[in-house]
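Here's the structure we're looking at; comments come further down.
A, B, C, D, E, F and G are the chain letters, set down in written order, and residue numbers restart from 1 in every chain.
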Amino acid sequence: MKVKPLHDRILVQRIEEEERTKSGIIIPDTAKEKPIMGKVIAVGDGRILENGQKLPLSVKEGDRILFGKYAGTEVKIEGEEYLIMREDDVLAIIED
Amino acid sequence: MKVKPLHDRILVQRIEEEERTKSGIIIPDTAKEKPIMGKVIAVGDGRILENGQKLPLSVKEGDRILFGKYAGTEVKIEGEEYLIMREDDVLAIIED
Amino acid sequence: MKVKPLHDRILVQRIEEEERTKSGIIIPDTAKEKPIMGKVIAVGDGRILENGQKLPLSVKEGDRILFGKYAGTEVKIEGEEYLIMREDDVLAIIED
Amino acid sequence: MKVKPLHDRILVQRIEEEERTKSGIIIPDTAKEKPIMGKVIAVGDGRILENGQKLPLSVKEGDRILFGKYAGTEVKIEGEEYLIMREDDVLAIIED
Amino acid sequence: MKVKPLHDRILVQRIEEEERTKSGIIIPDTAKEKPIMGKVIAVGDGRILENGQKLPLSVKEGDRILFGKYAGTEVKIEGEEYLIMREDDVLAIIED
Amino acid sequence: MKVKPLHDRILVQRIEEEERTKSGIIIPDTAKEKPIMGKVIAVGDGRILENGQKLPLSVKEGDRILFGKYAGTEVKIEGEEYLIMREDDVLAIIED
Amino acid sequence: MKVKPLHDRILVQRIEEEERTKSGIIIPDTAKEKPIMGKVIAVGDGRILENGQKLPLSVKEGDRILFGKYAGTEVKIEGEEYLIMREDDVLAIIED
């Protein structure tokens, strides 16, 4: 079974604390809107522009990303928790 | 009798808990805005663009979809409950 | 006397409970924003696009439609109650 | 002396209760936002589009119109009360 | 010294009660948002359109105009009170 | 050291009371949103239009301007107080 | 490890009080929304325009910038605090 996000939406799996510490990114406790790190599991086929054309997303499957604390909607698929958010909710891509 | 959604709207029938469990998707109780799974029964003939052209929808009859808890308007047709929502309220399509 | 809605507006007459039951559509009591069924009595000559062109409406005189509970403005004409709403307030067209 | 509404604005004179009853249109007391009937006294020379062109109005001098209760701004000219509103506040034109 | 309004703004001097009575325009006391009459003292060189072009204003120096009670910002220049507002705040031009 | 405002922003230095009195402009105490006079110290290289082109600003270095009381953000540079605001916050240019 | 901001976002490191004093910029305590100085660490590959094209950013790696107090989202990377904000939150570039 596969979840295909619509248009400019992406399916994201959070990366847990331990993993984040290894990668060196720590989210400050005092921040009101904490960015969260995640892994992109699936992406939509593009943002629909005003002229009706589809613009492919910049984020792709497998990317590790930073996003705002309140971004997206939670969903559980086969026991795993995911988020579905719009590409515009992504703050940055982590490049190794 | 048939209900034809207007423009970028779609007619959706919720898929109940039992069915969802079989498919492996469970909605977490703690989520503020629960995504809901449904089946697309009918779709409008397209989103009207600013230049007046109609863009056919990406979602089609028979698709199983995820959508936000508060998406759409409820309506009962011949004893069955449905939702009418805009395509943009659809988070993802479930592909088997 | 005739009421000609302006641009993308339409004149609608509600279809009462009894009639709706015959057609098989029942509005749930628990829904916060009940869709309502009506008959289109007159339509405007089109939505004005940003480039100034008029796009004819998809809804036409005689159509039976579903719309949101709070859509439109009430008006009485020769003793009959009507609603004037924008085409975008229409959720779906009922096809027999 | 003449008042020339600017761009997409129109100058309207309300049609009083007695006149409305003759014409068969009665505004329900329970309606939250009552439509009001009026006569168009003067119109602006057109709505300015995003590309800078002027689109002539659909409403013209002498038209009898329906509009929302809170539409427009009141002004007294030579003892008579008028309203200045945008064409988009007009719900419908009354055709005899 | 001269004040040149920017883009689509205009410099307006209110016309006082006595003058208005002569011209026949009286503002009703009960109106929540009173239109006010004024004389245009200076105008900007045009509204900037989305494509970057400038659209010259329809209102010109010397015009007598009607505008909403809360339109514009007050400024005193050499002892005289003026208002600076956008052309879109102008309801109508008074033609004699 | 130089501060270069970004895009359609400008760097402004307030002109104090005494100077303003000489120039004849006095701000009324009763005005809720007082316009303020200032001198333009630096300007951005243009407003970015929707098509990506840059439109050079109409306001230029050295201009004396009027702006709204709450326009812009305060910043101190080498002991002097300045404001950084968008060109659209400028009401008028003072021409001598 | 590298953080690549998405589209029109930039990664910024705050410049602390002592450094700012040396450069001559002091933020007034009374300002409601304090501008803050920072150094640009990384930039996105451009703002997406309505026609789908990417407009490269004006701000570049190494630039010292001024931005509003509430701009951006805080993130810690390898023990260092950063902000991720949109280019439009940048008030000015500091040129030496």
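Details
Methods note: a residue touches a chain if its C-beta (ideal position, glycine included) is under 8 Å from a C-beta of that chain, and two chains touch if they have at least 3 such contacts.
Because the structure is a prediction, the values reported are computed rather than measured.
Seen as a C-alpha superposition, chain C sits on chain F after a turn of 155°, to the nearest 5.
Averaging C-alpha coordinates per chain places the centre of chain E 22 Å away from that of chain F. Chain centres here are Cα averages; for chain D and chain G they lie 50 Å apart.
The set of chain C residues touching two or more other chains comprises 50-51. Order of chains round the ring, from chain A towards chain B, by the touch criterion defined above: A, B, C, D, E, F, G. Those residues of chain F that touch chain G in the complex are listed here as 1-7, 9, 11, 45, 48, 50-52, 73-79, 81, 84. Within the complex, the chain F residues that touch chain E are 23-28, 31, 33, 35, 47, 49-51, 53, 55, 58-59, 65-66, 68, 87-88, 90-96.
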